[in-house]
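For clarity, chains are labelled A, B and C in written order, and residue numbers in each chain start from 1.
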Amino acid sequence: MIRFESVTKRFANGTTAVDDLSVEFLEGGITVLVGSSGCGKTTTLRMINRLVDPTSGTVSLGGRDVRELPAAQLRRGIGYVIQQAGLFPHRTVLDNIATVPTLLGWGRRKARARAAELLEVVGLAAESGKRYPHQLSGGQQQRVGVARALAADPPVLLMDEPFGAVDPVVRTLLQDELIRLQAELRKTIVFVTHDIDEAVRLGDRIAIFRTGGHMVQIAPPAELLARPADDFVAGFLGAERGLKLLSLISLQDVPYEPIAAVRTTDTAAQARAEATGRWLLAVSPDGKPAGWLDVHALDGSDSIGQAALTPVRGLTDADSLLSALNETVSSPTGMAVRVDAAGVLVGASRDDVVHAHQRSLA
Amino acid sequence: MDLLSKLVAWLTSAGQWAGSEGIAQRLFEHVEYSLLSTLVAALIALPIGLFIGHTGRGAFLAINLSGFGRALPTVGIVTLVFLVSGLSMTPVYISLVALAIPSIVTNTYAGMAAVEADTKDAARGMGMTGLQSLWRVEVPLAAPLIMTGLRLATVQVIATATIAAYVSFGGLGRYIFDGLAQRDLTQVMGGAVLVAALAVAVDLILAGIHRVLFRHRLT
Amino acid sequence: MTIEWGWLTTHTDDLLALTLDHLATAVPAVLLGLLIALPLAVVAHRVRPLRGLLLGISNIMFTVPSLALFVLLLPITGLTRTTAIAGLTVYTLVVLLRNTVEGLDSVPAKVREASLAMGRGSLGTLVKVEFPLALPVIMAGVRVASVMTISLVSVASYIGYGGIGQLFTDGFQRSFPTPVLAGVVLTLLLALAADAVLVVVQWLCTPWIRKGARA
C-alpha cells in the first residue's frame, strides 16, 4: 500500500536522515517505526504526506507516486496524529475534528455531525465538543487528535509518537483504544515511537531504524523478538526480549483443569471441608475469582466474606503467556486462574503446565 | 537629487561643524540633554520596575500608568511647563524624562516577570533571602530585557530631544526649527539626518555593549 | 498656574471638533500601518535573511524626528492630511512590525504543521491558524501604536493637521496655559478611550482565551 523505493533524504545541513530505504508497509495493518532519536523514523513518516520531500527515490501510496497529487489534496486523504495532538488552540474541539471535512467542502452541518459522531467513537463525552483544547486533559486532547485524523475516514493514518506526552496509565489506556478502533476500522497505520514496548504491543510489523537513517530489520514482533537480525536490534529490544516474546503468545493453547472453589458467601466450616491444602480459591456469588483464601487463618465460624483474600487476576484466552507466568509466580499456589470472556471462573493452569507450554514453543 | 547634493554640501562644509553654533557643539548639547534625561528616567523607573517585578504587587497599576505616560503629548508638556515655570531647560527635561520612563518600567517588569517561578523557588530553597534572590538571581536573569528597555528609551529621547530648540535652547533640533523659520529645507533635512544618525549610532553602541555583556546567554 | 474654566465652557464645540480632527488623522494612520505591517511581517517571519533588514529599516525610520519627517514629506504630498497620516504611519510600523513578527513566531510549530498536514495550504494556514493565534501579540502592538500615534498627532499641527495639538501652538503663542492643559488632558483621555476600545475588540476576537483552564 505504502511503498518506499530507494528513498534517501539529506537535509541542507548535510545530515542524512534516511539512507536508501526500500520497504513496503502492508495495507490494513499497523507498521511501527522504532529507533532512538535522530534515526530517521519521523522523517520517513513525514515523507508519506510530503511534509518532507525525499532527496532521491520515490514514495508511492496505493500504487501512485505521492508527488502526482498537489500536496494539500494528498494530505486531506491521510490522517495525521502528533504528540500533544497539535490541536488548534483557538478552535473548539468539535471544530478541530471537523477541520478536514470542512476543507473537503462537506458543508458545516455535515462536518459537525461527523465530528460529534467521532467524539463518541474515541470515547469522549458530547459536551467536550464545545470546549477548547486547553480545557481538556492531555489524554483527552490526544483522543481529539485521533478523532481529528479519522474525521474524513482516510484509509491511511500516520501517527508520530502520539502517546509520548501522556502518563503511563493513560498511555496504556490509549493504546488499548487504538487496538479496539483498529480491529473495527482496519486502517493502514504507520506509527512512530521510541518505546519498544509500545511497538510490540501495537505493531503488526515493526521496523527498527538505526542512527544515520538505516532500517535494520522489519518483521512481525514475534519474529523480531525471536530472531533479531544483529546485536543492535537485540540491544534495542532489551534484556527482557524473551519475556516480551511471551507477551505476544496467547493462552489459547494452554490447557487448564477444574479447580475447587468456595463462594465468598460460604461459611468457614464449608471452606475447611472443601480445602485440601492451605490455600483455596474464593469466587464471588456471580462466579468471578475474588482471591486466594488462607484456610489456616480462618478462625471460628465467621463467613468467608470477612476474611482477607490474597488478590488474584483471572486470565482469559486472549491474555498472554507472560501474564500466566506472572500469575504462577505471584499466586500462593502456583496456579494461573482462568476465566471466560465474561470473567467467570473456568479452571486453572498449574505452573508446570504453563512452563511446559512455554518450552514447547522454543 | 538636487536636494540630496545640497544636503551633502551642507553636511560636509567645514565651517558648518566648528564654532559655538557649529554641528559639533549642537551634537554635544543634544547628547547632554538626552543622556541626562535618560539617566534621571532610569533612576526613577528602574526601582519601580524592579519592585513590581520582584513582589508582583502593583503590576497592573504600573503597567497602565506607563501606558498613560506613553500617551503624553511631548509638545503639550513642554509648552505647559514652559508657560508655568518660565524659560529654562526644566520643561525639556520633564517631558523627556516622562517619555523615557514607560519603556524602562515595562521592560524591567517584563524581564523580572519572565524569570521562572521554579528558578526563584530554587533560590529560596537554597536559603537566599528575598533581597539575595533579587540581586543574585532575578536581576541578572532580567538584565537583557532591562537593557533593551534602556536602549529603547535612549533612542526615543534622542529623537525627541529636538524639542529643546522649540523653547529656544540648543541641540540638533536647532537646525530643524531654524530651517523651518528660514524656509531652508536643506537645513531641516540636515538636522533630521544628524538626529537619526546619532540615534542609530548610540543604539548600535548600546547593542554592542549588550552583546558583550550577555554573550554567554542563549538569547 | 491659573485655569480659566470659563474658557473651557465657551469652547466645548471647538474641543469636540479638534478631537474629531485628531481621530481623523490618527485612525487612518494606524490602519494604514497595520495594512503595511501585516504582509511585511509575514515576509520577515518566513524569509529569515530579510527579517533583520526590515526590522532595521523600521527602527531607523523611528529615529527620524517627527517634525522633520512631516517637513520632508511636504514636497511629495503637500500641505494635506495625507502628509500627516503618512508620517505617523511610518512611526507605527516599528511597533506593529515587531509585534506581528513576534506573534507569528509564537505560534507553536506543531500547530502550524498539523494544519499543513491536514491539507490546508500555506495561505489558508496563515489566515485561519497563524494570524488568529498571533492576535494577542499583534493586538498588544496595535494598542501601543495607537496610544503612541494619538500622542504624536499634535506634532502635525505645524502642517495644520494636529487636531488637539492646535491647542498647544495656540496657548504657546498667546502665553495662555488653559488650552494647553486642556489639550494634554484631552489627548490622554482619547488615548485611554482608544486603548479601552481595543481591549474590548481583542476580548471579542479571542473567545478561546476567555475560557478558563481545564474544567
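A few remarks follow.
Keep this in mind: contacts are C-beta pairs under 8 Å (C-beta built on N, C-alpha and C of every residue); 3 or more make two chains touch, one makes a residue touch a chain.
What you are looking at is a predicted structure, and each value in this text was computed from that prediction instead of being measured.
Taking each chain's centre as the mean of its C-alpha atoms, the one that lies farthest from the centre of subunit C is A. Set against one another, B-C and A-C show the most C-beta pairs in contact at B-C.
Taking the mean of each chain's C-alpha atoms, the chain closest to the overall C-alpha centroid is C. Between subunit A and subunit B the centroid-to-centroid distance comes to 61 Å (mean Cα coordinates, whole Å). Computed centre separation for the pair subunit B/subunit C is 20 angstrom, with centres defined by C-alpha atoms. Computed from the mean C-alpha positions, the centre of subunit A lies at a distance of 54 Å from the centre of subunit C. Touching two or more other chains at once is no residue of subunit A. Those residues of subunit A whose C-beta lies close enough to touch subunit C in the complex are 49, 51, 71-78, 80, 82-91, 99-100, 103, 131-132, 134-137, 148, 158. The part of subunit C that touches subunit A in the complex is made up of residues 108, 110-111, 113-121, 124, 129, 132-133, 206, 208, 211-215.
Residue ranges of subunit C in contact with subunit B, taken from their complex: 1, 59-60, 62-69, 71-72, 75, 143-144, 147-148, 150-152, 154-155, 157-158, 164-165, 167-168, 171-172, 175-177, 180-181, 183-184, 187-188, 191-192, 195. Residues of subunit B that touch subunit C in their complex: 3, 67-68, 70-77, 79-80, 82-84, 155, 158-160, 162, 173, 176, 179-180, 185, 188-189, 191-192, 195-196, 199-200, 203.
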